[in-house]
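What follows is a set of structures for review.
In the two complexes that follow, chain A is the common piece, with chain B as its partner first and chain C second.
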Partner chain A sequence: MVTTDEKGPLTAKKKSVIIRSCDGDEFLVSESAAVLSTSLKKILEEKEDRLIHLSDIDNKTLAMVIAYLSTHADDGLSDDLKRSFDQEFVSGKEFDVLKYLVLATDTLQVTCLCYTVAKKMADIMKNKLVEWVRREFDIQNDYTPEAEAEIRRLDAWAWDDRQLEDD
Partner chain B sequence: MARTRKKLKLLTETTRDNRRVSSGPREKQAEFDVPMEVLELILSQLSLRDNIRASVVCKSWLAVAVSIRRANRPPWLMFFPKYGELYEFYDPSRRKIYRLELPELRGSRICYAKDGWLLLCRPDTRESSSFALILER
Partner chain C sequence: MSGPGKPNVIALGRFLQCRGPFAKRRHPLVNPTIVAEIRRCLEEGIEFQGELLNFRKDGSPLMNRLRMTPIYGDDEIITHIIGIQVFTEATLDLGPLPGSLVKESSRASDRFRFNISPSGVASGGTRNVSRGICGIMQLSDEVIALKILSRLTPRDIASVGSVCQRFYELTKNEDLWRMVCQNAWGSETTRVLETVPGAKRLGWGRLARELTTLEAAAWRKLIVGGAVEPSRCNFSACAVGNRVVLFGGEGVNMQPMNDTFVLDLNSTNPEWQHVKVGSPPPGRWGHTLSCVNGSHLVLFGGCGRQGLLNDVFVLDLDAKHPSWREISSLAPPLPRSWHSSCTLDGTKLIVSGGCADSGVLLSDTFLLDLSMEKPIWREIPVAWTPPSRLGHTLSVYGGRKILMFGVVPYVFDLAMFSRWIGEGEPCWRCVTGSAMPGAGNPGGIAPPPRLDHVAVSLPGGRILVFGGSVAGLHSASQLYILDPTEEKPTWRILNVPGRPPRFAWGHSTCIVGGTRAIVLGGQTGEEWMLSEIHELSLASSVL
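After this line comes the complex of A and B, so read on.
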């Protein structure tokens, strides 16, 4: 499953780790990329294990996080290029994808990416109907109709002036 | 702290058995539980208006939204003295004037002000410095 030896003379000395998603896919990652995640760094410091199984991150999400980590571990890229990579990284991603990305980066403690994704999610949530937010986050409304009406009444101005979107 | 430990425990569920396979099909839609700190991070990026709307989503969102809500209070006006070092600050929301001696600002010009911070420059020495003004009564 894991391809190991396509290393050139330069990368031969670099240590790698294998990271496995909850659905069993394995990714070969350079240690310099892995340690950009504070959680992975701690694990690697504590044990010699070269195989890390992430029990709650799926393969698609993990692939995205690893792409991010590898880009940021690349010394050949300027900070400007990395910054534009970050913007590119979140743009055009569906809200659903971002949700799992934000959880994964929180678990893996990739602070910078977690922040960027949260910001993108907030941007999408702007001017959305409350019903849209509940649906996207799969949240049950636990207010009584009276209690909800009361909160809406208290800050009525927050609803009054613009068309809210439902998609 | 406790949460970090929990995370690590989850993560260190490593295995040496390479044949261990998929833990089953993705059950993505089934549960999506946003940890409090992530919710804080997301909601703190919203404007006050969107923050208020988010508080109607459910009770736990209300608690988070209120805890990070910052009322958009109007900024204070700062008056420079012609002589001396007694500066005046006018709070338009309460229509009150506060006076403060600030010898540190002598000879400085303000280039920029944001969130209680001033960026100062001193034309005589061409030095620049930042200065925090915590103005809460």
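After this line comes the complex of A and C, so read on.
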């Protein structure tokens, strides 16, 4: 799966970089898009290599991040369009997908997208049961039953007269 | 290792990455190509066989021979994966164990390493294989706390603490709580809260809790020194930081006053002080006084010696030589008294309703942006306005919404409206109650109709209403609370310990530091007792 820059011959002259996901697939990205990631920018400044291997990020997530970077590197799009793209970008995505996105954008230091994704995750987490949070984040409960009961007792105001959701 | 319907590799993810109970990253010696191979097999739906490094609970290494076989259902979709594993001792020097959560946390900042520790046993493939590794535990504390948790509500933060020990530690952080408060209540509100001397020592976590549950709310009575002389009524009071400012009012024989008094609640023995202010505006009563731009007061309208007024004056209380300055602008609102006003964004004055000449009630809404060099009055155009009114209150919540609560006896019993400014077309919307006479009120136990009451807008958007002149035999000191942000806003009665004042009037009450409603004066008959102050404090003070 190699995605090409779809902007035609005008931008074809521009420098490109190849980014390889941990699945081994390679993505062709314009340098102007890649440098929107602070991490990629640093790497490109340090070495001439046009191939960057991201062993932390899988295909699906990397494709999404690159779509974001390319859109934001496109000078032909207005800021309004980019903002609405950002909103569209996170809407309807499952929590699981967002988890990988937040991890990837944190690693790649794409600050703006990282915040948008984190905010969307927080919106989904609101009013959720502790069990839901454990399940979605795949977190093992490392409390003893007594310790958990005590913590729940001390923070009882978190639960008093409200209904929490489990989906 | 998997359940029906949705095969998962959660268990695989867990045992692959952790060494030691708090390790958040897969150990570098875990061969990433093996992991990639497992992923490839899962994606392609073929069997995997191989060996990989794994860790015991105590962190000691062992080799794990693993065989994973996919089981297909009727429709060619993987329904289960059978995993068989055999363990053998591994002799490897892995270095010291990551000791504690604290040590791991301190390393969180250098997580930018590309060539080790792939994290996602991810699948973008078409097979129905879910992603499994617990990615979140590899996120640094910074990302979890500052980016995700900081966007939750105070109550969510409190409940998330019981997810696991790591989350508990994160949710006990004062910086996180400050961000939570700021995100939930707006930076203007947190800025105001920070000016409260007790608030900082109280801690944001505690403050968030008390302002959410209102468990610490209590009435208190204060006796202050000094005097506001000559005695008066129908003045206006407003808080600037922890100072209460009183301007004008109606003296004996309906004498309009134009003097300024300040009561500094920061001092150990607060007392009223007459402040000499240059170029005082014409005397008046029934006007409004609002705080803008930090330490500035803005005065609008009221009734003067020559009748109703529509002039605007601004005073910088912190100036070396405080002096009133008139702001003249084209197309001001009609002259009026007993209107209401509030401040939006800390810089914009909103004026609404009131009583014009010959007793005509107004229903318009005007905005004056005082952050501009030459402020201009603008009438906010709306398709429909709530009925004309006076003696109502405007409370700002959620940054850009204004809640109007008011009663005009004989016109409508109770109507409540909310206004949007900046989000598309501004419009009024009925929140609870009804704009139609005789219609029922589905919104719980609503406060009985009243005039010149007190409305306190709490951080987070809730509104507290009490006092005013109440119809019938109802007590004016009963507190009512409404959460307009709820899907179905309902009124509730709030019971608070301590002795409430018998009377409380909107124009003589002000909110100090976002958590204290200062009710000036008990009115006994004709006399205002300005040395007597009742305070409704919403958070406990640490002294």
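The rule we apply is simple: the second predicted complex is superposed on the first by the 158 of 167 C-alpha atoms of A that agree within 3 Å, B and C clash if a C-alpha of one lies under 4 Å from a C-alpha of the other, contacts with A are read in each partner's own complex, and residues count from 1 in each chain.
Note that in this section a residue touches a chain if its C-beta (ideal position, glycine included) is under 8 Å from a C-beta of that chain, and two chains touch if they have at least 3 such contacts.
Please read all numbers here as calculations on a predicted model, not as lab measurements.
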Quick check on the chain A-based superposition: chain B and chain C, clash or fit?
clash
For A:Arg153 in the superposed arrangement: first (chain B), second (chain C), both or neither?
neither
Per the contact definition in the header, classify A:Asp49: touching chain B only (first), chain C only (second), both, or neither.
first
Once chain A of both complexes is superposed, is A:Asp58 in touch with chain B (first), chain C (second), both, or neither?
both
Touch check for A:Leu40: first (chain B), second (chain C), both, or neither?
first
Touched partner set for A:Ala122, first chain B, second chain C, both or neither
both
Output check: A:Ile139 vs chain B and chain C. Expected answer is one of first, second, both, neither. What do you get?
both
After the overlay on chain A, which stretch of chain C ends up in the same space as chain B: 57-65, 219-227, 291-299 or 399-407?
291-299
The intersection of the chain A residues contacting chain B with those contacting chain C is 22-24, 39, 43, 52-56, 58, 96, 99-100, 102-103, 106-107, 109, 114-115, 118-119, 121-123, 125-127, 130, 133-134, 137-143, 148, 151-152, 155, 157-159
Touch list for chain C against partner chain A, complex:
10, 13-14, 21, 32, 36, 39, 111-112, 114-120, 122-124, 130-140, 143, 147-153, 155-165, 167-168, 209, 212-213, 215
Where on chain A does chain B make contact in their complex?
22-24, 39-40, 42-43, 46-47, 49, 51-56, 58, 96, 99-100, 102-103, 106-109, 114-115, 118-119, 121-123, 125-127, 130, 133-134, 137-143, 148, 151-152, 155, 157-159
Residues of chain A touching chain C in their complex?
22-24, 39, 43, 52-61, 63, 96, 99-100, 102-103, 106-107, 109, 114-115, 118-119, 121-123, 125-128, 130, 133-134, 137-143, 148, 151-152, 155, 157-160, 162, 164
For a test of understanding, state which residues of chain B touch chain A in their complex under the given definition.
4, 7-8, 10-16, 18, 20-26, 28-29, 31-32, 34-35, 37-38, 41-43, 45-50, 52-59, 61-62
